[in-house]
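Two complexes, one shared chain (chain A), two partners (chain B, chain C).
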Partner chain A sequence: MVRVARRILHGLLLLLGVSTLSFVLVSAAPGNFFDELKLNPQISASTVASLKMAYGIDKPWPVRYERWLRSALRGEFGYSLSYRCPVGTLLWPRAQNTLLLTSLATLLAWMIAVPWGILEALNRGKWLDRIGGGVTAIFLAIPELVLGLLFLLLAARTGWFPTGGMFSSHGAEAALLGKLPDLGIHLVLPVVALVFGAAPLLIRYVRSAVAAVLDAPFIEAARGHGLSTTRIVYRHALPAAANSLISLLGFSIGALLSTSLIIEVVLDWPGLGPLVLESLLARDTYVVMAVVMLSSVFLVTGNLLADLLLYASDPRIRTV
Partner chain B sequence: MSMNSGHRQLLLLFSLVLLHVFMVVPGFFAPYDYSEQNRELPFSPPTRLHFIDSAGRFHLMPFIHPFRASEDGSAPYVEDQARAYPLHLLKDGAPYRVLGLWTARLHLFGVEQPGRIFLFGTDDFGRDELSRMLFGGRISLLAGILGAAMAIFAGAVLGVLSGFYGGWLDGLIMRTAELFLALPWLYLLFAVRAILPLHIKTTQTLLLLITVVGLVGWARPGRLVRGIVLSAKERNFALAAKAMGASNFHVLRWHILPGTYGVLLTTAALLVPQFILAEVTLSFLGLGVGEPVPSWGSLLAELQNYSVLTSYWWMYLPACSLIVLFLTYHWASTTLQDKVAEVRS
Partner chain C sequence: MTAEVQNHLDTSRELLCVRELSLEYLRRNPFAAVRIETAALRDVSFDLRTGETLALVGPSGSGKSSLARCLVLLERPSTGRILYGGQDILTLSPDALKAVRKEIHLVFQDSASALNPRRTVEQLVAEPLVIHDAASGARKIKERVAEVLDQVELGNSWRCHRPRELSGGQRQRVAIARALVLRPKLLILDEALSSLDLSAQAQIANLLLDLQERHSLAYVYVTHDVRMAGCLAHEVALLDAGRIVYRGLPAEVLTPNLQPVS
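On to the complex of A and B.
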């Protein structure tokens, strides 16, 4: 329990540090939201100054940081100047959409990567492994951006899938249950693009983790006892390989969040990606900050979960 | 198709050198300047090379028929069979700068004016896509290599300081590294990009971009180097040098640093594609290199236009060059990794 509490505390401190880091970075940016107004001859300099004062952006950054922390504790995360509302209300629906996308993609990518990786590890050096290795190498070299564009082309050419968004315009009024198929068809392309982006690396790692275990003497012994391959893989090799795979889970969440940002922009999924891009272009500082923070929360939580899972699954760690 | 590892390494070296030669002198391989417009030929498909003329004679040097707007409207462009221009190798054309030092006019290939050769088609201003791709590769690859070099350099310095001196410095540097690693890299890139002014001139954009992407990536190589330094400084050869009165600097320079080179090189081969991707992503989203200077990201950004995405397949060609480059670099990194493991054991 002490270990768990310490890990959670560590995560919270890390998030505080990340918030300071990103606040300093974003505050160091030249220009602010009201710069456009200054160019307008009909708006006097004093109006701009009083606007700045009203929103508190004339203060030095430590003061603003303190204010921001307070509002973050209230769940507001500052005030969005372009949307004219607290950032929190802007953030939650977007964050839910991103989470829906990434968690589905993580699940699918692992469901593909584990059996495939095991299959490759069992057939090391044979044609199956070679072809599999070639395919993953090629997919590793295709940037997610290009994958997204190709899927967009597929949607535009065939009309089988919607070219963006989360719901069709006519489906918006339907009841919740009626919406689900609509949501499902909108999810297909972004999820598949994310899976194609994430799975090749996972397959590689699973393959090498399982392959390393398969070389161990205890597997030789199990083979010598005449156990079936299935039993060896699932009862002996996988639990031993689980350690490195679970560490990989935390890492894969971080990678997927970055990929998701791009895919969301290309395929127009209303998640955090388009939001952060719009606010970056509008110099809407607090929204950028909040999104960056939130991505870090996801990543730190993912790592924490992986750590706890490791703790639960590997008795060797518990003795420390 | 069996190649021994020596041949394979030669092939890898050859591909790497070839790719980087394209980067150093894109002007030689590109038939035109990247900003040369042909307003009467927007979105012209790739020019076809012909070997057999209308009389059935075979030509060793291919020739082309120029495109002209079609009158019946069946296709946007038709080949003008009445005119033919043979392809010339090593032909004088538009001037370009070599390494920014001197001006040259010699191009690998070209056709006589007023003929035009667009092997990869043209964009909406009628600019040659092949030339734009080659010049764009210069910027993207430069961003990738310089970014990786910055990350490796910063990572090596901080990693050595952290691992060699230990104590509070180690704690400070490693906690900072954790901060950087707690942010998904693209979001971190966005946060750092927010520092830079939105609209900046292209050369400045490039230099700033490179510095920034480099600074963002120091944490991972830094950690790797720290681990190697930590184990190397307790090894007998380092302790012996120390016992014989060698200075800290000497031990670091001659006994500890050489152990990190292999890993740093492998990491560099992995980082270059990642930083190219950073440049491509930023330019694609309109936060990086802008018109008229091409980069692979800004070339791909044209695909955000629906009609370009669905109608002009040659606009996808910059993506292919990206994939080829990534394949080569991934190949290089696995080869290096095997080498390092071989030397270790």
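On to the complex of A and C.
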């Protein structure tokens, strides 16, 4: 319990550090939301100055940071200058959409990677491993952007899947249960694109973690007792390889909010991706800050979960 | 009289008879479409009786460990026969082989890595009982584990410790306890004393001799340490480049200063 409390405290301090550093860096970047207004001859310099004053942009960064911090604690994360509303109200529905997409994709990627990685590890050097290695190498080399564009092309050419959005116009008005098939068909392409992006790396990790353990003498000893391959994998190799995989799972959870930004933009998924892109281009500082902080919260939480899982799964850690 | 019956008669007094065993490792040349065969063992033959020790002595790369791995079927020999109790274990059905595996155990050189680091001494020693379904009920398993820990002179207080909390000698005792728990007839000791310091070597060697006397165990003792081979073995076989080049009593094979004869 003390260990968990200590880790949570460390996480909170880390989040405070990330927020300070991000705020300083964003503030130090040249230009702000109102700079474009200066180019408009119909808007006077005094109007721009009064707008800056009204939104507190003219204040030094420590004062702005202190205000933003109070606002973040209330769950508002500042005020969006583009959308003219608290960032929190803008963020939560989009974060939910992103989480729906990435959770599903991450779950599927792991469900594919674990058995595939084990299968490759058990067949090291054989044709199955070689073919698997070649396929994962190809997908590792393809950038997510290209994958997204390929799937967009597929959707546009075949008409089998919608080219963007979360619901079609008729689906959005249906009842919750009626919405599900429409949501499902809209999820297919972004989920598959994300799985193709994430699974190859996970397969490589699982393969190398399990292969390293399969060479260990204690596995040889188990084999010497005549244990079947299945029992060796599930009772000996997987628990021993679990530590590095659990750490990787922590990163997967931590990346849930940030992993799909490009795919969301390309396949027009109404998540955080398009919002971040628009906010970056418009220099809507507080929206960017909120997304950075939310991603950091996920990263810290993912690592904390991984630590707790390691603590639960490895008796050696409990005795330290 | 068929050759098989003749062979059975010849080997009936022996616990283990190895006949013309050869092992080749295949590896691929990444720059050419050819497979390279490396002969690890060539026509190795020897016999071992119940309660006796055969030391396999040789330099690194002579095939000692490959032979040890073949005897517990961690490697499948290319040709030859391994007769245990008169039956060729290479041709046994899985069920019959499982029964034989209860009686032959391999003790590895590096017990630190040969023992699952996540398990306690009790779990490690109990594992073969669970695998072979050799004891029913948790109480019987605990009793057998306590008994065998007592045999290897490792106090019951160590049963909740994990391998990294033990010394090298204690770990090797756990490895031996693990091998003994199923009441085997044959132990393959693959450099089982090599990673220990001199005092621990002497303690484990005495323990092995004591266990052999009490349980009529047979040992195949794989080592490059000719002195220890001279102390433990009833017979010594010298291996070189995968072949047994000389076999005899320790006094015949080793010179008075305990070096192999040339």
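In this text, the second predicted complex is superposed on the first by the 312 of 320 C-alpha atoms of A that agree within 3 Å, B and C clash if a C-alpha of one lies under 4 Å from a C-alpha of the other, contacts with A are read in each partner's own complex, and residues count from 1 in each chain.
Keep this in mind: a contact is a pair of C-beta atoms (placed from the backbone, for glycine too) under 8 Å apart; a residue touches a chain by one contact, two chains touch by 3 or more.
These figures come from a predicted structure and were not determined experimentally.
Of the two partner chains placed by superposition, A:G133 touches none, neither chain B nor chain C.
Legend: residue contacts after superposition of the two complexes on their common chain; A:P274 is shown touching neither chain B nor chain C. Within the superposed three-chain model, A:G88 lies out of touch with both chain B and chain C [touch as defined at top].
Legend: residue contacts after superposition of the two complexes on their common chain; A:P217 is shown touching chain C, with no touch to chain B. In the superposed model, A:R157 lies in contact with chain B only, and not with chain C. Comparing chain B with chain C, the partner in contact with more residues of chain A is B. By the document's definition of touching, of the two partners only chain C reaches A:R316; chain B does not.
Of the two partner chains placed by the overlay, only chain C lies in contact with A:G226; chain B stays clear of it. Taken together, the two structures place no residue of chain A in contact with chain B in one case and with chain C in the other.
Residues of chain A touching chain C in their complex: 125, 216-218, 220-227, 236, 239-240, 314-316, 319.
Interface residues of chain B, counted against chain A in their complex, comprise 175, 178-179, 182-188, 190-198, 277, 280-281, 284-287, 300, 303, 306, 309-310, 316, 319, 322-323, 326-327, 330-331.
Within the complex, the chain A residues that touch chain B are 14-15, 17-18, 21-22, 25-26, 28-31, 137-138, 140-143, 145-146, 149, 152-153, 156-157, 254-255, 257-259, 261-262, 265, 276-277, 280-281, 283, 285, 288-289, 291-292, 295-296, 298-300. Of all residues in chain C, only 28, 72-74, 97-98, 101, 105-106, 108, 110, 113-118, 120, 127-128, 131-132, 162, 164, 178 touch chain A in the complex they form.
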